[in-house]
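Shared between the two complexes below is chain A, which has chain B as its partner in the first and chain C in the second.
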Partner chain A sequence: MNEKPPTMSDTQPANNRRDFLSDGLRVAGVLTVGSLAGYLAGRRGQPGALRWQIDPDKCMGCGNCATHCVLDLSAVKAVQCFEMCGYCDICTGFYDVGYTQLDTAAENQLCPTGAIVRKLVEEKAGQRFYEYTIDNPQCIGCAKCVKGCALMNGSLYLQVLHDRCLNCNECSIAVACPTEAFVRVPADRPYRMKKQALPLIQQKAKDPSNRAARDLADRVQSS
Partner chain B sequence: MTRLLRYGLPWIFLLLLAGQGAAELIPTPEFSDHPIPTAGVPDSRANLWQAVDVAALLVALSLASYFALVTRSRRNLLLLTIVSLFWFGFWRGGCVCSIGATQNVALALFDTTYAVPVTVVIFFTLPLVFTLFFGRTFCAAVCPLGAIQELVSLGGMTVPRWLDHALGLIRYIYLGAAVLFAATGTAFIICRYDPFVAFFRLSGSTGMLIFGGSLLLVGLLIGRPYCRYLCPYGAILGLLSSVSKWHVRITPIECIQCRLCEDVCPYGAIVPPTVDQDANVKTHGKRRLLLMLILAPVLIGAFAWLGTLLAVPISWMHPEVQLAEQVRQEEMGTAQPTTDASDAFRNSGRPVDELYASALAHRARFGWLGGWLGAWVGLVIGVKLIHLSIRRRRDDYRTERSGCVSCGRCFWYCPNEQLRLGLIEDISEMVPAGSPGGADS
Partner chain C sequence: MTNRSITVGRLLIAATLFIAAIVGTYALVRVVPQTGRRNELPPAFSLDLKDKFSVDPSLIRFTQTAEIAAGLEEVRALAVGPENRIYVAGDRAIAIFQPDGTPHTDIAVKGQPRCLAVGGNGWKDPGSLYVGTDQGIEVFSPNGEALDAWPAVSDKSRITSIAIAKESVYAADAGEKVVLRYSPEGELVGRIGRPDPEREMPGFIIPSHSFDVAIGPDDELYAVNPGARRVQSYTPDGELDSFWGTSNASIEGFFGCCNPAHLAVLPDGRFVTSEKGIPRIKIYTPLGEFDSVVAGPTELGLHETAAGDARTSKANRIYDIATDRLGHVLVLDPVGRCVRVFSPTGKPDSTEEGKGQVSRR
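== the complex of A and B ==
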């Protein structure tokens, strides 16, 4: 095993050449990686990262949001746009098609978890007006109410709620979404609204005393 | 049925009403003493975790390199592997990971409107830089996908060299496909087919759970099947590792050729010393190298052509093409029931021809993109053949740098290392006389 001094010296120059080559490649590698990182970091332009959001105008309420999120309880939940709501007595987002009575019994409700709170607001000219509010912790994002409400005003819509969303690199719901309603939005305004609702909210937000509207207007994309 | 009639009729009426268009909205009433409220939406989660993740990555990479190269402690590497598995895997849900970050970087390079988060850029580049200096210490004890396989790996089964080389090409092809689909904004396939993320999150589709589970089962016998044959990031790291400044050394002093390290390496990353060849074989080798050098461009051309033929299957990844195909089948009447996507398409009022045109445009684009992918496959195979035809002298058992994940088993089992640490007093305690190479010690 130790009887080959000539070959040892033979390999010496080759090793040097090899070391030189790998040194060169390494320096090139570091430079490439560094400039790539610098280029990407410098070119970002936008202040923050991107986040997933549902474009409610594209959403058709298929129900995939409830089942395809990686979280046990989906990050997607229904949001009520009161400004678009008709305050109907017979709400198509609240009542199941086969309702037997206009009450809040579970079998009459569309919502499988009873997450919609129905409250009488006023009765005028013989017509009752009800307010429908989403009880956020109960909502599972199944979109049954969204689909029902779409028959009328379409004031109920789905949103990815960012206190829950893990912001996966590839959103599993986005992959399963049949209408490609999932879009990446800038993190500083991570919500969307229906096109119709946007001017209503922006109008309301002009009133300085209306903090809720201002907050919402600040969080939705204006375009 | 009567029930449906009784209660369904008003709804059908409403449906008809709604069908008249958006102008027919029921106006929001004005109440005397009840202002219309505005729904609130919650703030984003704090971004603090991202900073913590980057810090954790830096610390873990530094520790892994330190344990593998300086203290040479297999035990500490293993502890770090467990910590990384729990931190990056189970606690952080396996996302962001460096493997997937490749796609974000590819998308950012090709789509200038996509703003790639700094965290993701750091996750992509930091392990690359570390690998250029210390070898694949990222794979050793930082990557959660590597960690979960490392911990189940019992070793024991050697994959034949030729099969190992052939299967190893898959990760380069996977890398090419991942970059192609990410750059075109079609899909992030590395994330979609991540085998272990379902375990990390304790939720996932049945298919992926079966895939991940079977990889772990295979991993019991054949070490790290995902890392060796599938991981696209591992492909990049392997290339960089082969020119790394420092790398895990098996033996601290001269090798006694006991072959214990070769036995214990579950990843087939230890190559034996070369035997001297006579002149005849050498000429033959040179001729083969020359042949491969000529063959490589031919391979690239041939595979590029083959790739262009793959336009149809590749374009299936694109949702628009899928939708167009579904709609086409429905129009032809051969369709199964409609899908959610095709229903939505019909409701959108978009003309069918426009959809077809768009799908065909995508398909045409995937034609030449497939050509590029094919050329890449040809290049990978060509370079592999050339690489296999080049002979390098090795006097010792050495780690094959591109395949070695720096797990530390080899030096842990090296009698010289045990001697250095004072765990044994004489080599013969580990290598009985008469075994290969043990005779002269």
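== the complex of A and C ==
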């Protein structure tokens, strides 16, 4: 009974060392995991990894793309999806609704800048059928043709062209987009197709001889 | 508490609510993109459909007399069968209604139905159903029992319309760009409308999946050639007999690249057409001359601001049509998911013979 009970000074140093080492290891682990996560997140967040793009299924053709881009001439242009159409005699994306003649006179064209080009493909059943494409430097992205085409087959739609887009951190058009059609997409697949068109191009891409379809299928995605 | 202090308290509450309403409205205008972020483009850069949306009221000779809710999530096709029963295809089912709109029965379909036809009183089995799907044509008895399935003729095949004559079933195939002719037992016995360069006969021009067929009162086959904006008639053995139709945006013609989207025939032989783009349901005489309007966009519940909306969910609203023995025109409204029944209000003017524009080959 004369034995002296252990005092705090006898046990504390050993416990402190153990706790200190254990806490140190925990902190080091958390720091390592945090740094790794931060590094990975930082890599993903690099400006080159993601691009702005328009989801064509959500775009209503409001015209904001023409005036809200920070560039003088918008990076948004109309594109033609030949899987859906692009072959017409009376294209409602090309002709004004009140056309008087089926010619290229300015008053008969829908596009205010004359950015849609037609090329004769064939004459059939008394009609002349044309292929319609976009003259990019002329296109301001006003979407008038997109709305005209939406009356019929919807093969004309807007896309952000990445040879022009500055990939701003906060895209001015995305902020002004009334239907939230602007989305971030991977830089290696920076274009989007309408849902209706993607299966058609994927079907064509299965043909080994159709390299163009394969290249296109690799670069686009659906919404 | 005096009356005066109560009044002051109420005034303070009213003033607070008023200020809160103003602040709330301001915040809404600032936050909701549609309210404040418009483009600064001049009017020449916007699509103006006002003129095309207005239809001269004197041309409208039908009025809507009933509306039947389809009870389906998505409606796709419409037909009228014996006893004027109404058949609506959508989702993965066919909903059948009595002529007064009372639900009769539902039939489950294996594939997604895209079009349908019902055997009339002259058919071997009146009331039997023929439903076009991605896989081909599913056949049902009048009671809804699955009887047969006719496979698609190819991977490209896309059946968009079915019509039943006395001894044949005709199916418009937008993928193959021909009208398929089947025997009542489902044997493929002909392909109508194939291009024949030797006889300078071009095939059907089908830029989209709008390709319709109908049967006239004398059992003749009519097929829409949408890319040519024409209605073409064929002999039973598939020879082109005649065609009519003009291409322009005015009310007399067919608008755009590919119209009419749907076709039906009234008991007196007049045609009913349904156009896409600017939705219009119109009547043409048996000779192909414009007669009158059943409904314009406004009568179909569409505002001009909605037309040209490029969003996939909003664009390309196509109204299927059917007629019954009483001369009603039934319109399937894909937006309201209902059947609108239109009844004639007056006599047509232009049914005299010799005024038409039918071209015969």
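Simple rule for what comes next: the second predicted complex is superposed on the first by the 171 of 223 C-alpha atoms of A that agree within 3 Å, B and C clash if a C-alpha of one lies under 4 Å from a C-alpha of the other, contacts with A are read in each partner's own complex, and residues count from 1 in each chain.
FYI, a residue touches a chain if its C-beta (ideal position, glycine included) is under 8 Å from a C-beta of that chain, and two chains touch if they have at least 3 such contacts.
Bear in mind that the values here come from a model prediction, so they are computed numbers and not experimental data.
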Tell me the contact category for A:Tyr87 with respect to chain B and chain C: first, second, both or neither. both
First, second, both or neither for A:Cys62, with chain B first and chain C second: both
Between chain B (first) and chain C (second), which does A:Leu161 come into contact with in this model arrangement: first, second, both, or neither? first
If we overlay the two complexes on their shared chain A, which of chain B and chain C does A:Gln53 touch? Say first, second, both or neither. neither
On the A-aligned overlay, A:Ala213 touches which partner chain: chain B = first, chain C = second, or both, or neither? first
After the superposition on A, what does A:Gln196 contact: first (chain B), second (chain C), both or neither? both
Name the contact category of A:Thr179: first (chain B only), second (chain C only), both, or neither. both
Who touches more of chain A, chain B or chain C? B
After lining up the shared chain so the two structures overlap, which partner does A:Gln109 touch, if you call chain B first and chain C second: first, second, both or neither? neither
Have a look at where A:Gly98 lands relative to chain B and chain C in the superposition and call it first, second, both or neither. both
Under the contact rule defined above, give the chain A residues that sit at the interface with chain B and also at the interface with chain C. 58, 60, 62, 64, 85, 87-88, 90, 92, 97-99, 129, 150-153, 175, 178-179, 196
Which stretch or stretches of chain C touch chain A in the complex? 33-34, 37-41, 44-49, 51-52, 202, 205, 207-208, 225, 227-228, 230, 247, 249, 255-258, 276-278, 307-316
In the complex, go through chain A and note every residue touching chain C. 56-64, 66-68, 85, 87-92, 97-99, 110, 112, 124-127, 129, 142-144, 146-154, 157, 175-179, 194-196
Okay, in this complex, where on chain A does chain B touch? 1, 7-8, 11, 14, 21-23, 25-26, 29-30, 33-34, 36-37, 40-41, 43-46, 48-51, 58, 60, 62, 64, 70-72, 79-88, 90, 92, 97-100, 121-122, 129, 131, 134, 150-153, 159, 161-166, 168-170, 175, 178-180, 184, 186-187, 190-191, 196, 201, 204, 210, 212-213, 215-216, 219
In the complex, go through chain B and note every residue touching chain A. 3-4, 7-8, 10-11, 14-15, 18, 22, 25-29, 31-32, 34, 36-45, 47, 93, 95-97, 100-101, 103-105, 108-109, 112, 114-122, 124-125, 128-129, 132-133, 187-188, 191-192, 201, 203-204, 240, 242-245, 257, 276, 319, 339-341, 343-344, 347, 393, 395, 440
